[in-house]
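Look at the two complexes coming up: subunit A is in both, with subunit B in one and subunit C in the other.
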Partner chain A sequence: MKKEGWFCISLSILLLCGCAEPKILDKLGLNTTVGYDLGKNGYILGTAVELKIDPNTSKDVVIVESQSLTIRGILTNANKTTSRRLTSGQLRVIIYGEDLLTQGKTKIAQTLTSDPIISDLTYLAMTDGKARDLLNLQVEHIPDIGLHIFRFMEQNTKAKTMPSSTMQEVLHAHFTVGREPVMPIISKNGRKGVLFSGVAIFKGAKLVGKINTEQSFYLGLINDKYKSGSKDILIKSDSPKLKEGNERSHKTVAALDSIQSRKNIKLINKDKPEFNMDIKLSARLLEITSPIDIGNPQNMKLIETEIEKSMKKNIEKLIAYCQSKNSDVFGLGETYRSSVRHSNLTDEKWYKMYKNAKVNVKVDFSVIRTGLNE
Partner chain B sequence: MFFKKKLLSPIKDSQPKNQDPIPETREKMSSEFKARLQNSADILENEIGSSGITIFSIGTLIDKTMFHQDIIDPIKDLSFNSIQTVMEHLSVGEIEKSNQMEMVVKSALDGNVIIYLEGETSVLLAKIPSRVGRSLTFAENESHVIGPQIAFNESLMTNISLIRNYIKDSDLCVEDFVIGSRTNKSGAILYMSGIASEQMVNTLRQRIDEIKIDGILDSSVLMQLIEDKSLSIFPLMSLTERPDKVCDLLLKGKLAVLFDGSSLAIICPHTFMEFFYAMEDSNVNWQIGTFYRLLRLIALFFSVFLTATYVACITFHYEVIPQTLLLTLSESRARVPFPPIIEALLLEFFLELLREAGARLPTKVGQTMGIVGGIVIGTAAVDAGFTSNILIIIIALAALGSFVTPSYSMGNVIRVLRFPLIILAGFWGLYGIMYGFCFLLLHLLRQSSLGSPYLSPFYPPRFADWKDSIIRLPLSFTYKRPDLTRTGNENKYDPKKAKEKNDLK
Partner chain C sequence: MKVQYQPKSPFLLSTFLIIFIIHANQVGIGIHGFQRVIFLEAKQDAWISVLIAGFATHIVVFVMIKTLQLYGSTDIYGIQHEVYGKWLGKVFSSLYILYCLWVFLIILKNYIEVLQTWVFPTVPVWLFSFSILLLVIYGVTGGIRMIVGVGFFSIILSLWMFGFIGYPLRFADYDHLLPVMESNFVSILKGAHKMSLTTVGFEILYVIYPYMEKKDKVQKYAQIGIAATTMLYLILMLVALIYFSPGQLESTIWPTLSLFKIVRLPFIERTEYVAVTFWLLIILPNLMLYMWAAVRGIRRTFGLKTIRVLLVFTTCIFVMSLFINTRLKINRFNDIFASVAFYFIFCYPFVLYAFALLKQKIKAYKEKKK
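Now for the complex of A and B:
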């Protein structure tokens, strides 16, 4: 008994020996953000923001660039230029250049997930132009562009301004039949910083379209659940009460806050796909650029219906756009598959139907209150 | 285990049984007595006037005032013809008669004076031991804010009387035993008959009886000899200096062992969790008590695993470090020339040095240790780039965590356990910590205290006992005695009646 015990202990210690390879924090260069662009001759151009902490220098961030035919090769090649071993364990954001994604079939994200050290919660984003240019942005108030982009995406994703696009979510949408991934587009805001400029729409791994940030809100309404968030809604109404804006602008805009939304998508016809999309949302009306008396319940009703109308129109426009690009970012196919028994849906089958699928949008909006001190 | 066997193996009795009767003449008696006590310089031989009585004793063991007042004074002017009449004149409480020389010598060593009348075949043994020792003091090693402040001292009689004062019940059993072929120290097993399990009492009695050793000086040594497994690093029985704690546990059906010359009582069976309870938990509100217990449990985990986790994260798993901490961590690490494992071991070693120095040095010097340590570790070491300041915070936290454990012996174990875990973490990262944790858990699972499972009430699960484990529910819920003690009398009080409120209206 005693002998066996010792045998087990020594065996397990021996086995454990192979487990870990030391990676001491202060001997590593930590990639916090990586950008991938299309290089020459089919090469991939990688740009990495390396966090290299050295108390003797004032700058902690180094931009490392290298080229390779494989994604892993980029890191290996980049090592040739650095004093610390580059690692991806602290990778927070991956940015793709537009040219790489228009090509499609890159399998970049898939390669990255097979590396256990890279977190599934890494944000993926696209930039219009070159990722390299974005990461090389030199602005005084952004000492660490990697950290800045991460915080920027985190903040906007939490506030639901941006669709959430962690690696896990993107790949899930990518591999699910009847759903396509989206990624936020981050672009340079001149020389001032970065900017969320739109949402990229994919079919498979190929970039097929872009929508603007205005539309991205409605995409969020369909795909997600709002628990908070704010939005300006442009109202185009024929009603005389809402027709004119104020002296500054002639548009009527309602500012909403604390938006709470729920959506319900239901398949109602499986032969000729037809969906009912009910979106219920409530919000606080904080501001309206029209001299309408919001204390009056009837006016309130009017505002509500006008906002509903405006939203409905926008959502329909968005769906039509995506249908024209043949990309089902709403997951209608998934709803179809889950509602129809033995559908054996494949992407091919679904996209034959998707183009002509009919979506009946119904928006139910209610104002919960109009500010606090009115 | 084999250590114990060695100690328990019967030692050859060097002194053959002596059936020698008491010598008949005074000279013979005197030389015999002195010879048996190796002609020690402190042997007293008093001839009392004309009475024909000689009193033998060991002068350093008897109370001189009593000797004069209660023994010499009443008999000095009288004359006697039989030993029985002497007895009638003495006003000492404990008097015995003996006709065995062996017994006479033994009782002389116990603080008896031997009253010898020439021509008699037996002698009188009057017990007037000197009370060498200190008075009762505050419980300084296990101090509590709320609750009795008294602690045991080194006298067995005092200690038993302290407990008798708490538990005025006829069921309180005090069984005495003598241990050590040379030291001949007495001790006592205490338990509540009817509450404590008969089987446990028998086991404990048997374990104590089987000890054949030349001498035991403290109950902590006795504890090591009667523990279930002497090879475990964990204390399998508890030592306490608080009489109120002993009484509380006696009432729960546990057994206590008091030992003459030791200010610590042994309590058994004891579980792992109970080392983290203090008497104060039951003296305060149940909410506060629960909070304290949770605090101590968290502190335990911090203390054992925090430094190791730091080492593992810095050495292997840099990806789990939150982004916000990354900068500060690597900045403080950047100047340190050692790998994290060496850094951590060094600093832990440093802290242990300080603690040990503080404990061993006289109190006056000991206080400066804190200052030296604070300045040296806190400022100079970081400034010199010797260690990172994050590690100092972690080590300090871990050290604090080990000090909140109410039991000193368990606190020691916690401090020592850190070292192997740091080494495991330094070589194999979190796998190593997990390995160490599993090893510890398995080890704890296998332990028993007086035959009772050490991890009770969690393993084996005794759900009723959870009410007074890491949480402490109000007294009206904890009406049951713990299952651990296998008590014959399960309830402390009637649970139904406890819920009634019969206020006067």
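Now for the complex of A and C:
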């Protein structure tokens, strides 16, 4: 009898499972993408793409808007307009309106990380203009704008066309002394869809400048390791061999593919910050718009040095631009801090030094193969 | 009460199991968030603090076993009875029992806090502590062999978690570790001191020692167990240092669990939810071992019946777990415990060893005189 009693008690404990809050898919609205804009009187305007699992309706994506003074409040207020409880467990992309970031100190990502329901792999992006307009984009071939932006960012990040900007990476850079975060800019491509139009660079949490997609490739070279990637490089050379382009245009352009790169940044002068930046890359040369004989080793050498020159120039331009905006997106400050003992580097100190830091760029490029033809 | 205690042979445990007992009892709740606490003191040299704390643990364990070996087959209750005499011995043994219950409460409370923050924000405390305590009662009534079995399987079954360490390494920034030894030695030592809440657990040796089959091999296996734990802590510390930036690490309460946030498997997108709930299996042997040690202490010192004591203890713990309910209270509770544990676990064994040696010398001297 005693044993049976214990057995019954143990079984009844299973009933306690009901104490946890159930989350039934049919009764939830999943936020897949959220956009934040600056509203009036310091309010934040939130726009959420809500995905409904409902077999009865043909359209399962709804755009929900609400305003609040806090980030959490946006979700709470948005619930007032929906029939399903909104949850953020499937949040994939967060889009900031430009005006919010120009103000700086949004702390949105920071606030969101303290909520365990939100994944650290959520992508962050900025948009020209209002995030609300981007999410309200109605195009026939994009039934779910939220999922579309997510897939679009995922694809481009993997191919390294776009700098990777998951919440972890942005916050990581933001909280590192001597490194600033970057975010891709996603804008409306007329009425046709979305477009990766550039990279936003920050000083602290404040948007200070934008670079175009062309320069974004060089930013990737400095910050990241390329394992695959492709790029057209414009060559401006005095050599007669590379002079003429083709009938169409008179520019010499080399198309590179399967780019692999490595970088090495070293501090060589402590007192007046000076860095050596060595970038090594190799690639497949698939196309060149000049009738040069690429089978000839000498010609190949020429192409390589010309490409090196062109890249070096572009990298120097990029560094000079970021220095003029006082935004250290390359993490030079972090290199400085890690090589100088007791530097006690703070952001303020580094902003002063960074402006006048000297960077010696060296690019080492080699063609590994030229495809099927020589 | 007898000083010597020799369990019957079916209750003896294979000596190598002490590796699992020590490792299982050390790894528990402290591992969730030790990185941040150490980092606040020692900055990027926090991993050195972990090594120093590990080294100190080796020494303490060495002394503990030396003390136990002075008496052959006994536990701390027997030794204290012998060294301090009948009344003072009882006082010290009661303190030790209180300590075990305190650790028990700390583990239980911190785990419930983690569960409530990460997975079930609305489920009440009483439900968690009630169901966990039932499991503990089940384990402790099952006896030491069963508890050790739970410890063994908790390690074997949670090995898969270790495989996920590769995910955060994709986002690693090794520059965070440089320059090495930038913090001064005092802050590194302070960091090592803060490790005490995380490294405690090996003191279970004091109670479980008589159950070991070959007493002369205990030293070797116990040291292996400690080394395994230190390695684990070192790896987790290094990963946290390179994965988080300093600013992030300062504000992350549970870095180890946050590391899981980056793991995305094709069939489970959010592994941290699995990890947090699975952690019950990791803390279960801790809870059982501490409860068993406390109950065992009462039985040895006061000769009371196990089952009644067990029920009284679990009821007390249950009631107390309801009152420590906010993050602030838990933090305060942890801080007080950490400072007490440091003296009780890292300093007291040396004192006890000194007294035990002295006592033996006096005894030998007296016998000689006779």
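Definition applied: the second predicted complex is superposed on the first by the 352 of 374 C-alpha atoms of A that agree within 3 Å, B and C clash if a C-alpha of one lies under 4 Å from a C-alpha of the other, contacts with A are read in each partner's own complex, and residues count from 1 in each chain.
As a working rule, a residue touches a chain if its C-beta (ideal position, glycine included) is under 8 Å from a C-beta of that chain, and two chains touch if they have at least 3 such contacts.
Please read all numbers here as calculations on a predicted model, not as lab measurements.
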item: Touched partner set for A:161, first subunit B, second subunit C, both or neither; value: neither
item: Which superposed partner A:177 touches (first subunit B, second subunit C, both, neither); value: second
item: Touching partner for A:305 - first (subunit B), second (subunit C), both, neither; value: neither
item: Which of subunit B and subunit C A:341 touches, first, second, both or neither; value: second
item: Which superposed partner A:121 touches (first subunit B, second subunit C, both, neither); value: second
item: Touched partner set for A:68, first subunit B, second subunit C, both or neither; value: neither
item: Touching partner for A:258 - first (subunit B), second (subunit C), both, neither; value: neither
item: Which of subunit B and subunit C A:147 touches, first, second, both or neither; value: first
item: First, second, both or neither for A:55, with subunit B first and subunit C second; value: first
item: Shared subunit A contacts, counted only where both subunit B and subunit C touch the same residue; value: 16, 19-21, 89, 119
item: Of subunit A, residues touching subunit C in the complex; value: 10, 13, 16, 19-21, 89, 116, 119-121, 168-169, 171-177, 179, 331, 334-335, 337-342
item: List of subunit A residues in touch with subunit B within their complex; value: 12, 16-17, 19-26, 28, 30, 32, 51, 53-55, 60, 87, 89-90, 92, 117, 119, 147, 150
item: Subunit B residues within the subunit A interface of the complex; value: 313-319, 321, 323, 326-327, 329-331, 333-336, 339-340, 427-429, 431-432, 435
item: Residues of subunit C touching subunit A in the complex; value: 117-124, 127, 131, 134, 171, 173, 175-179, 182, 244-248, 258, 261-262, 264, 269-270, 272
